[in-house]
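First, the structure itself, so that you have it in front of you.
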C-alpha cells in the first residue's frame, strides 16, 4: 500500500513537472515567435498539453472519483473552447492582418 | 504579515489607482472602467475583513462575502447603465466626451 | 500557509500591474482587454482569500460580462471623434499624489485594525442548521439578509428600466441594439452550437449546488445569460423585443417569487421574509431557482442595451 | 506533496505573469487578446492545483468559470473587429 502511494506520488511529481515545463515553453514561444499566428500556435497547443499533463498528474491526488471526474471535465471544456477560440482568433488575423 | 493582508493592501492601492483614473481620464468610458477598478479594490478590502474574521477557525466570514457578491452584481448593472448612457451621448452628439461645449485642447496647463 | 506567501505576493503584484495598465493604457481597447484579464486574475485572488463564492461571481461578471460589455462599447466608440483634452502634467502629478495619499491612508488603517475584529461568522455558522443549508454565504444571502438580496433584485430591474428608457421614442418595445456577428455558418456559429449545452448544464449545476457548496443563483444566472448572449451574437436566435410578455415575466419572476415567499412568512412564520421552521430549505431552493431565471434574463438584457429598431411583425 | 504542488503552482503563475506582461505591451490587438486565452489555460491549471492542494474541490468550479468566460471575451472581440475596409490602425 505504502509502495503504491509512493509510486502514485512519483507519477504526480513527474507529470506535473513536465506540465509546468510545457507552460514555460508556451510562454517562451509567446514571447519569442515573430508573428501572431505562430504565437497563437505556441499559446494554445503547448499550454493545452501542459494543462493536460497537470490534470493527469492531479488525478491520483484527487480524493474520490467525483473530484477526479471534475478535473477531466474542466480539461475537456478548456480543450473544446480553446480549440474553437483559437480558430476564431486565427480567422481574425487572416482577415484583418497581423496588426488587427 | 499574512497573505490576506497583502490582498488588503492591494485593494487599497487599487482604490488609489481607480481614483486617479477616474479623475484624470477625460473619456467617459475610461472613467467607467476606472470606477470599476476602484470598486474591485473596495471588494478586496472586504475580502481582507472576511479573512481576518476567520481567526475563530472558519475559512472566512460569510457576511462580507455575501455583501461583495451582491456588490459585484450591482456594479455590473450600474456599469451597463453608464455604458448605455455614453453610447446614447455618442448617438446624439457624435462625441463621447464630457468636455466643455467649446473644445479646449488643454485644461490646467496654461 | 507561509510557503504560499511569496506566491500571493507575486499574484498581488500581477493584479496591480494589470490594474494599472487598465488605467494607463493609451487606447480604450487595450484598457478593456486588460480589464478582462484583470477580472479573471481577481478570481484567483478571491480563491486565495478562501472566498470561492466571490471568485465564481468575479470570474463570471467581473471578467466575462463586464469585459464583454466594455469591449462592445469600445468598438462602438471607435467612430467617435477623438478628443484631445488632456490634463496638464502638474495637475496629473497633484492628482497622483492625492490618490497615493488616499491609498496609503486606507492601507495604513487596514494594517492597524486589531487582528481579532468583531465577526458574525460564529453566529452565522451556528444558525445555519435551522436553514438546512450547507453554504454559509447562501445562508446570509437568502436567510439572514434576505431583504438585501430582494432589494438588490429590484435595483437590477431599475437599472434595466434605466437602460431601456434610453431607447429612442420610436424604438420603444423594439429589439435591443446588441451588435451581432455578421457572417452565418462560421466558426463562431459552431462555438455557439457547442458551448451553450455545456454552459446550461454548468449553470443549472451552479444553481443546484449553491445550497450546500459555493455557487448559487448569481453564478448560475450569469452563465445562462452569457450563453444566451452567445447564441444571439452568433445569430442562431433573434434577440427578443423588449415588449414581449414572456421576457417581462422572466424579468419579474424571481423578485415576485421572493416577495411572495416573504409575504407568506407573515402568515406561516413570525415575520416578513421569515421561513416556516423546517421548511426553510425548500423555500430557499424555490426562490433561488426563480431568481436564477430572472438574473439570467436581466443580465442578458442589461448587456444587450436599449432597443434600437422597431419590432417587425 | 503539498509543498511540491505549491511549487508547481507558483512556477506556472510566474510563467503566466511573464507572458501577460509581455503580451500586454504588444501593439497588435490580437496579441492582447491572447492574454485572456493565456489565463484561460494557465489560470485553470493553477486553480486545479489549488483545488487539490487545499482539498477544496469547489475551486475546480472556479476553473470551469474561468474557462467558459475566457472564451467569451474572444467572442466579443471577433464580433467587434472592424470592417476590412478601414484597417488603418496600429
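Chains: A, B, C and D, in written order; residue numbering restarts at 1 for each.
Methods note: contacts are C-beta pairs under 8 Å (C-beta built on N, C-alpha and C of every residue); 3 or more make two chains touch, one makes a residue touch a chain.
Because the structure is a prediction, the values reported are computed rather than measured.
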Chain hops separating subunit D from subunit A, counting only touching neighbours: 1
Which chain pair shares more contacting C-beta pairs: C-D, or A-C? C-D
Averaging C-alpha coordinates per chain, one finds the centres of subunit B and subunit D separated by a number of Å equal to 22
Which whole number of Å gives the spacing of the CA centres of subunit A and subunit B? 33
Chain-centre distance (mean CA atoms) for subunit A and subunit C, in whole Å, is 28
Subunit C residues touching 2+ other chains are 4, 48, 65, 74, 188, 191, 195, 198
Which positions in subunit D are in touch with at least two other chains? 29, 33, 40, 61, 64, 68, 70-71, 75, 77-78, 82
For subunit A, jot down the residues that touch at least 2 other chains. 77, 81, 84-85, 88, 91
Interchain contacts (touch definition) - all pairs: A-C, A-D, B-C, C-D
Residues of subunit C touching subunit B in their complex? 1, 4-5, 8-9, 12, 15-16, 19-20, 22-23, 28, 31-32, 35, 38-39, 42, 45-46, 48-51, 53-54, 57-58, 61-62, 65-66, 69-70, 73-74, 76-77, 79-81, 83-92, 95-96, 99-100, 102-104, 106-107, 110-111, 113, 115-122, 124-125, 136-137, 139-141, 144-145, 148-149, 152, 155-156, 159-160, 162-163, 166, 218, 295, 298-299, 302-303, 305-306
Interface with subunit C, subunit B side, in the complex: residues 2-21, 23-27, 29-30, 32-34, 36-37, 40, 43-45, 47-56, 58-63, 65-70, 72-81, 83-88, 90, 94-97, 99, 103-109
Mind listing the subunit A positions that touch subunit C in their complex? 77, 80-81, 84-85, 87-88, 91
What part of subunit C is in contact with subunit D in the complex they form? 3-4, 6-7, 10-11, 13-14, 17-18, 21, 29-30, 33-34, 36-37, 40-41, 43-44, 47-48, 52, 55-56, 59-60, 63-65, 67-68, 71-72, 74-75, 78, 179-181, 188, 191, 195, 198-199, 202, 206, 209, 213-215, 219, 223, 226, 230, 233
Which bits of subunit D are touching subunit A when the two form their complex? 1, 4-5, 8, 11-12, 15-16, 18-19, 22-23, 27-31, 33-34, 37-38, 40-42, 44-45, 48-49, 51-52, 55, 57, 60-61, 63-64, 67-68, 70-71, 74-75, 77-78, 81-82, 84, 87, 89-90
